[in-house]
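Beneath this line is the structure, given in structure tokens, with notes to follow.
Lettered A, B, C, D, E and F in written order, each chain numbered from 1.
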Amino acid sequence: MPGSFDPITTGHVDIVYRALPLFDRIIIAIGVNSQKKSLFPLDQRLNWLKDLFADEPKVQVDHYEGLTLQYCRKIEAKYLIRGIRNAADFDYERTISQINHTVASELETVFFIARPHLSHVSSTIVRELILGNGDISHFVPAEILRHISPLSD
Amino acid sequence: MPGSFDPITTGHVDIVYRALPLFDRIIIAIGVNSQKKSLFPLDQRLNWLKDLFADEPKVQVDHYEGLTLQYCRKIEAKYLIRGIRNAADFDYERTISQINHTVASELETVFFIARPHLSHVSSTIVRELILGNGDISHFVPAEILRHISPLSD
Amino acid sequence: MPGSFDPITTGHVDIVYRALPLFDRIIIAIGVNSQKKSLFPLDQRLNWLKDLFADEPKVQVDHYEGLTLQYCRKIEAKYLIRGIRNAADFDYERTISQINHTVASELETVFFIARPHLSHVSSTIVRELILGNGDISHFVPAEILRHISPLSD
Amino acid sequence: MPGSFDPITTGHVDIVYRALPLFDRIIIAIGVNSQKKSLFPLDQRLNWLKDLFADEPKVQVDHYEGLTLQYCRKIEAKYLIRGIRNAADFDYERTISQINHTVASELETVFFIARPHLSHVSSTIVRELILGNGDISHFVPAEILRHISPLSD
Amino acid sequence: MPGSFDPITTGHVDIVYRALPLFDRIIIAIGVNSQKKSLFPLDQRLNWLKDLFADEPKVQVDHYEGLTLQYCRKIEAKYLIRGIRNAADFDYERTISQINHTVASELETVFFIARPHLSHVSSTIVRELILGNGDISHFVPAEILRHISPLSD
Amino acid sequence: MPGSFDPITTGHVDIVYRALPLFDRIIIAIGVNSQKKSLFPLDQRLNWLKDLFADEPKVQVDHYEGLTLQYCRKIEAKYLIRGIRNAADFDYERTISQINHTVASELETVFFIARPHLSHVSSTIVRELILGNGDISHFVPAEILRHISPLSD
């Protein structure tokens, strides 16, 4: 399950738990893009993921640079897990999944549609709320919230 | 994997094979709606499915009346498998999957996005082509094609 | 606020209460289309609406035949209230609101976007669940539910 | 340019005139579907089309039964002309144009996007307005309007 | 009615006048984002708004920094007014309105769908036309046009 | 046919060949935007286009700065040719084509919908694959591929 998780949201967590029974192992991997500045440093994001899923032996946390495709090949992942919230997500994910299929026919993407009460949650919105001192308590797991709150004081 | 499969298309077959490695067992179940007249009789559609997947021990074929939800409960299915081709499909599938989640929280839907060369294939189009004596050879598995061709003579 | 309310859902009720502070009077009007058979008779639908909003002096209940446009003219309504759940709703509502604007420039439509936990609720789905003996308790107001339950026994 | 033109709208007329400079000949062909009842009889629709384009030597009027694809082959048409108003139209037209490409690779579809002031005009809406005695004067060419008005008295 | 109004378009003006009968007071508020450079300075944009609505006692003009949500709380606004032109707008506005509902349940958003002849007008396009010396006379109120024209000489 | 062609893809090439029979002359023109950095220099992109269509006497290659609209006027082009892949493309192209119609009523846009097996190909994706050393052989014409490959070593 690739992403930037900047920061991880309640939407991401929900997708992980819904996908979990289907897989023997889920690797949550932070894609690092040196061009795009993140709000939270990689180390913090990795630690949050590890803490959140510390009790889930099937969940591993990792990070990678470069194409998701190539990372999947390296770790021999057979399925990408992605959540879709709305039509804009769908258009984007369709293109990416079809590219992956064309370039690496062995790599399959499995989609979960966000549950209604989470369909408006995104890391982008959370970052904007944080920068504007807004309330993010509905959008971020409680464990993470503790660490972010001081920032917005 | 519920549907009317009236008739089964190359699009359906592709989704089954893409989903297969992920599941121990896939039940392809024809939903029977006494209100909606089908082009092909139930028996023929069931036989086509059985023939097509005769060599796949993990695939079973069944049919049901009433709500997909209740059928899933009866057979204790935990995941629905669905393909999505375009934005209209997405809007429809999102509503259905969210309804299923609300009514039966234990029932999860897993989506696959149709591969590019199959994203325009649908049973509706195949039926229209058949009724108009059009060429359906790109849209229906070869095994089925043999049985349909005489109809369109 | 026009509609067929066949039956009224928790989604409809939410839109009424969100719109209420903005208007002096809201008329919930059931459009009767002699061509389209409804699941519940007009009288029952009217009574449900009256019961539900009995304590809201600003809400009136009515019904009409023919075009919504002409009904609005007759009762001198200046605003139509409509809810939008998804992109398919949006496309439909945009066309209708633009038609109304062209034909009757004085008639304005005001839209509310369904709240996340109600964005998958529709009368169509409720009718299907009822016909299939499914659980509709999340989608229909408790007052109505009492009257429908016996049907689904 | 295939369609049911039941009736022809100002939207259809606009597309014809926008496409005209691009082609040596445009055949406006009414597709007849014996299953679908039309509001106006075929003869009347054909006469309206002939009257409207009487002064355009490049425009011909015709009708056909069965698949549009096969009609195009018979008359050796190389391009289908279609208008798109909104995202729902787009999804539908994409599927059809891709089917046509797969079944008859020599048949190409050319699209024009409806101009803003015509993007909400459709035969379906016009039929509903006529049946409800609504004002259709913005949506139907003046020549046609004369013939329809008496109906709605 | 929040926005950057960089510059205000005929589309914005239309939404204000359509919403006006519904509200006792409309505050048009320019959101200032220090990260995003605007084409026109804040002062000029504020003056344009004040000039345009000088004769509308119900319209006030203001500006704010930070989250729209927090500004609404400060001025005790109960309704946000937003226009929607197309499906992309809709997806964006749905997410924002649902976020606002979750974070500040008392803040409601009311939507108007752009009228057909204004559904393609945007500040982004106007800015591009200005920078390329294009004709913006259909997209910007006449009063503003006078002030912008010299720039594009 | 305007674009940045950074680089040209198999999708672009397909649209050119599908449009070719319809026009006496097609000018493929690279729009140069001094603000937006391209991956490949203008000269290389121009040469690629010239090489690819060297045997097509009806195809010319050019470049321009500023608005596409004004370039079309200068060269007296009457039709813009554009491809559409998905709903997001459609929303964007609709706005642009309607703007062009409003500002320069004589400029018409003709659309082709991408064929299924090319509907996920874009210059953006190709650039990302190049930067990540991914395999672009399905997305770029063979003639161009030769020149790009060394870069990704």
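Simple rule for what comes next: a residue touches a chain if its C-beta (ideal position, glycine included) is under 8 Å from a C-beta of that chain, and two chains touch if they have at least 3 such contacts.
All figures in this text were calculated on a predicted structure; none of them were measured in a lab.
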Any chain that touches chain C and chain B: A, D
For chain A and chain E, chains touching each: C, F
Self-contact between copies chain E and chain F, residue sets same or different by half: different
Pair in A-C, D-E or A-E that repeats B-C, with over half of contact pairs matching by residue number: A-E
Chain B-chain F separation of Cα centroids, rounded to whole Å: 38
Intercentroid distance (Cα basis), chain F paired with chain A, Å: 33
Shared interface positions of chain A, touching two or more other chains: 86-88, 91, 94, 98, 102, 116, 119-120
All chain pairs that touch each other: A-B, A-C, A-E, A-F, B-C, B-D, B-F, C-D, C-E, D-E, D-F, E-F
Residue ranges of chain A in contact with chain B within the complex: 18, 21-23, 78-79, 84, 87, 90-91, 93-94, 97-98, 101-102, 108-113, 115-116
Complex contact set, residues of chain E against chain A: 66-67, 69-70, 87-88, 91-92, 94-95, 98-99, 102-103
Contact footprint of chain A on chain F as seen in their complex: 85-88, 119-120, 122, 125, 128-129, 132-135, 138-139
Of chain D, residues touching chain E in the complex: 86-87, 116-120
